[in-house]
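Note that chain A is present in both complexes that follow, paired respectively with chain B and with chain C.
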Partner chain A sequence: MSFPWAQEYKPQGTVSKWVDERLPLPRLVYNAVGAGYPVPRNLNYFWNFGVLAGVALVIQIVTGIVLAMHYYASVDGAFNSVEHIMRDVNAGWFLRYAHMNGASFFFIVVYIHIFRGLFYGSYKAPREMIWLLGVTIFLLMMATAFMGYVLPWGQMSFWGAQVITGFFSAIPLVGEPLRQLLLGGFAPDQAALNRFFSLHYLMPFVIAGVIILHVWALHIPGSSNPTGVSVKGEQDTVPFHPYYTAKDGFGLGIFLILFVAVTFFAPNMLGHPDNYIPANPLSTPAHIVPEWYFLPFYAILKAFTVDFGIPFTGIIIIPAKLMGVLAMFGSILLLFFLPWLDTSPVRSGHYRPLFRKFFWYGLIPSLVVLTYCGGKPPYTQWVVLSQIAAAYYFAHFLIILPIVSRIERPLALPNSITEAVTGKPLPAAA
Partner chain B sequence: MVRLIAFLVGLFFSGMLLLGLGDTVVSAIKEPALPTVEAGFHEETLPVTFAHDGPLGKFDRGQLQRGLKVYSEVCAACHSMKLVAFRDFAALGYSEDQVKALAKGWKTEVPSINPETGEPATRPGIPADKIPSPFANETAARAANNNALPPDLSLITKAREGGPAYVYSLLLGYRDQAGYKNEEGKELLKEFPDAATPTGLHFNPWFANLNIAMANPIASDDLVTYDDGTKATRAQMAKDVSAFLTWTAEPKMENRKSAGWAALGFLLIFTILAFMSYRTIWADKKH
Partner chain C sequence: MSTVKKTNGAGKKPAKAASKVKPAAPVVSAAQDTTEGEGVRRRDFIHIATVSFAGVGAAAVAMPLVSQMSASADVLAQASVEFDIAAIEPGQAIKTSWRKQPVFIRNLTPAEIEAANKVDVGSLRDPQTLAERTKPGKENWLITLGVCTHLGCVPLGAASGEVKGEFGGYFCPCHGSHYDTAARIRKGPAPLNLNVPEYAFLSDTVVKIG
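Right, the complex of A and B next:
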């Protein structure tokens, strides 16, 4: 366990003692999210989002299991089975809309969780492993969400699957055979739909497994905090329960209010009308766009418009399409290297004046622009904007961040969390 | 080493993007994008409000019944409604007997087999049946419609940007192309002489590419006689059928909205209690 002053689990009563001696599961829970886990006392509301992401996963699994009881993975029946759920299954419309919007809300809270980590330097030593597992969860989520979007077998399902699996065909030599192997055919069809359904059901449990590792890794150093200053003593922490269970309960209430407002009053706001048209391999939609949470990556993909080759010879080394695919995957994979790109010993962005400027005036606007442009047709103005924003995105992580960490002069850090909170210096350490 | 490789990768990607940027700008200047007919002459949906709009909106049952009448007497000649069953019409305020009568009297009969010979046959509808389609299959539908396929209308208001307002605008959107001007006063055929509507299609600036295969379905007033005495103007019929098609696409809308208010009320109380316990628990801790 992380801190020596953590409260110890004391089983009350014979049954609890009996269980504790044989399978100390209550002890595990007590130490993980109970009074046995000391947490910095100064966490702000951005620290609610890890728990909220966990709740969002549970919502997806519970609604998803019931939906799977009524869903029929067939190219002829999938679309109609979803409409059967919407029309004839008891509260089926609720399950389906909750699952559909639950995916969006899962991504919203995970994006905020990631930005919390980026701003407060949660990826830095000794928490690199938590970050690496987190990026893994994010990749798994993207794969799960993509396959889930294919299941209703609407127009965007089909054509989205066509475009996304088409990325593999950009790989030289093995690309096309690989794509056919993954799809089980030349185009998305029954074989692809079946395996997507199978994997879509499997992946959330894989995610749950990696989340257990993520939380385990978190409990070795303990939670980070907005000052980025390490915990120095018992006065810096409070037990997770009741302090943060109460705060997370309030955060959960706000989250659910927003989730319910969208799910019940604007359930199709985040979706695309074309997905209410059954899949038709003979009719391509005017604009194929992915779900909103993939738009920044889609914009990066489309931003690469020139081939990389030897000038004036016509020899092409990397065609633009392959480069777009590499960059799109690279834009996420680079996060794996973040702990070693940002070498500043100061964690929190609060005390890093230069880093903070690039974060708020560079990274965030570039991602907003990419998200916006990703949903637009390829007209000059949107291509230009996404090229500028994507160039900044890569430069931010790969060039600017390492330089900033080297040249920046951080502000003075508080001596301890308690001092930062109370404004009073601590009495001389005993 | 990591940072050196990262620097080179970053330089490569950002560099290629900036090269691409130059390329995009140069080609945009050299060959500026030509103005498209759609960009200048495709119309936004007409302003129209429905009783079911907004978080408190409920369907107007009388309007839905009128819309059903328009659908069954006008649209259903070409457009199927495969996801809706006759039994669902009970939600429009019809009694069990009325639903039975509606099913039995539907113009198209339900495909069946002759119990004596096993030959294909048809029989009158019953409430459990889905609404029978006007054409046996896509080929038949295309053959009867100049090779165009009339889309199924069950989900049409959810499958089009703009929803019921789009359907309403489209139904009232047929115009004479000769001399047609947009709001800026530009005349379509003067700006784009090649954009003349081909034979067999019909000019409608609310349709995505301005030329729609469907002929004006409600070209004149009084195509139907409403049972409640409402005057069947073109706008009235368009509005009623748009409301009806909202119901066919989202029959559980009222359940959804009322459940939403209950859920919000519950969560509001939960959140207030959670906030109060948060404040109480943290009262002695500065943070």
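Right, the complex of A and C next:
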């Protein structure tokens, strides 16, 4: 489905016609990312990041497949096999550093992609399904990244696995048996490492499948745009190719320059030195932190330090451990409800003065603070800061957004995308 | 906002026609980017430059992805090994391993040397004398890879009790290649004699292979 003025694929030559009648794959590509997909003419560079995330996934899959040719999923051999990759395998250091930093860059572009959606209201009708699939992809990415981080079987790998599977033990009654089921034992060991490797190899392909759904769902209403005003006619769009293939290509160039710069010149900048120490099940590193992209969630986990119960009775309803785990998962799961929490019909933050203030001065600083505190040891000042920021984070989505949507008086929207771009009313609308 | 603006000296280059670009133009037609009437457009050059640059980049990325498959440094580090051969009596052979491939080290008896030298070299499929396949003064030490030159099975005949084939050397059970006492191919499908690796005697009893 697309706009009626979308250019139609016309196969040139006998072979193209023959293929088109039997398996119209070129037609599919043409309509998906070719001249057959009309896109709002006013997209800014924030709209590059979906394509960049796709490229990042391809980089991870390609480097991951070759790393798996040398990696050895055994508690005795895993760490050494990673060192073998770094030292002995031809270009192995490059492939591993690219995979390691590729994960970070994947998260960087995905976070920008999510913030684009949050600011410009890309989650609103008729694009809720795209948003739901996107949050699903994000969850799958987190699971994949976590399991990948366990594979080198260094100190951070091991204790990360211990802590993250420990989340499940917070669940009342079934928690501990569930944790043992997930680990295949009482602590991370051979069984856990083997299944993490298996799933770490599988999940990227699941992600690729959900991305196909994500892009399919995108092509039903078509791309959103910075004004949030729906496409009204042919003058509002340009074909994806060559306009946005060129624009995405430019953005891709910048992305790859930054990516290789970090990969070549600061490959361990985003990692932890402790993970170059082989896993030791008898000694926890002094300060264990997850990878940077999990820090905000880790800060929320650590922010809950007091049991929730009936005051003065000593009855505990929800212990602090369970609260922290629930809050951490809840901070992501609440994004699934975002399309129905923000009821304002105006999509773009540009035309929402109040929303915009809470976005820039509330949500973004709270996430910056959470990220910062997540990497700090659990001293009082950092815990208190995390608690304030976490409280704002939840309030932003659960209280502020629904209220703002009701009381806010949005700015006047342009009549059309073309009018917003040219500053002139449409001839037809005038 | 931007109304038609008069550019200085615009008369000199009518083809540029900056003033002709409407601010509203949703689709800038390719024609506006051309130098009118010329065969090669500026855009053609940009296309070719972009695709070439991306192509060179893709090739550069493909190199490590392919080269990671070839032997790694730790595999290449096994390139030479030393063996003590003092315990091998005449008529005995040992199987050992070099680069994860079997190696036969055989101490030939005078009868076996004589048998090998009696053969008319011209009649062989892969003509070589025993002297060419051993070191001077050490003609009794026949060192070959234990890899049949047909399809890579390990021939029999090195360990005691194994079939040595019709010519008293080695016999490959996979497809029936017979090698003589100089490990030369005499009968069967193998095209070449058993390969002699590069080796040197470090002393009378120690040999370094590779």
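The rule is short, and it goes like this: the second predicted complex is superposed on the first by the 428 of 430 C-alpha atoms of A that agree within 3 Å, B and C clash if a C-alpha of one lies under 4 Å from a C-alpha of the other, contacts with A are read in each partner's own complex, and residues count from 1 in each chain.
To be clear about the criterion, contacts are C-beta pairs under 8 Å (C-beta built on N, C-alpha and C of every residue); 3 or more make two chains touch, one makes a residue touch a chain.
As the structure is a computational prediction, the values presented were derived from the model and not from experiment.
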- request: Have a look at where A:Ala143 lands relative to chain B and chain C in the superposition and call it first, second, both or neither.
  value: neither
Query: So, A:Pro273: does it touch chain B (first), chain C (second), both, or neither?
result: first
Query: Which partner does A:Ile112 reach: the first (chain B), the second (chain C), both, or neither?
result: neither
Query: Is A:Val89 in contact with chain B, with chain C, with both, or with neither (first, second, both, neither)?
result: second
Task: Go through the superposed model and pick first if A:Thr422 touches only chain B, second if only chain C, both, or neither.
output: both
Query: Between chain B (first) and chain C (second), which, if any, makes contact with A:Gly249: first, second, both or neither?
result: both
Task: Kindly classify A:His70 by the partners it touches after superposition: chain B alone (first), chain C alone (second), both, or neither?
output: second
- request: Give one of first, second, both or neither to describe whether A:Phe397 is in contact with chain B, with chain C, with both, or with none.
  value: first
Task: Considering only the touch criterion stated at the top, classify A:Val384 as touching first (chain B), second (chain C), both, or neither.
output: first
Query: For chain A, which residues lie in the overlap of the chain B contacts and the chain C contacts?
result: 41, 87, 94, 238, 249, 421-422
Statement: Within their complex, chain B touches chain A through residues 2-3, 6-7, 9-11, 13-14, 16-21, 23-25, 28, 33, 55, 83, 88, 151, 154-155, 158-161, 208, 249, 251-252, 255-257, 259-261, 263-264, 267-268, 270-271, 274-275, 277-278, 281-282, 285-287
Message: With touch defined as at the start, can you tell me which chain A residues reach chain C in the complex?
response: 41, 62, 66, 69-70, 84, 87-92, 94-95, 235, 237-238, 249, 418, 421-424
Message: Could you list, by residue number, the parts of chain A that touch chain B in their complex?
response: 41-43, 80, 83, 86-87, 93-94, 97, 238, 242-243, 246-247, 249-250, 252-254, 256-257, 260-261, 263-265, 267-268, 273-274, 276-277, 286, 303-306, 308, 320, 323, 327, 330, 334, 337, 340-341, 343, 379-380, 383-384, 387-388, 390-392, 394-395, 397-399, 402, 421-422
Statement: chain C residues touching chain A in their complex are 1, 23-24, 26-27, 50, 63-65, 67-70, 72-75
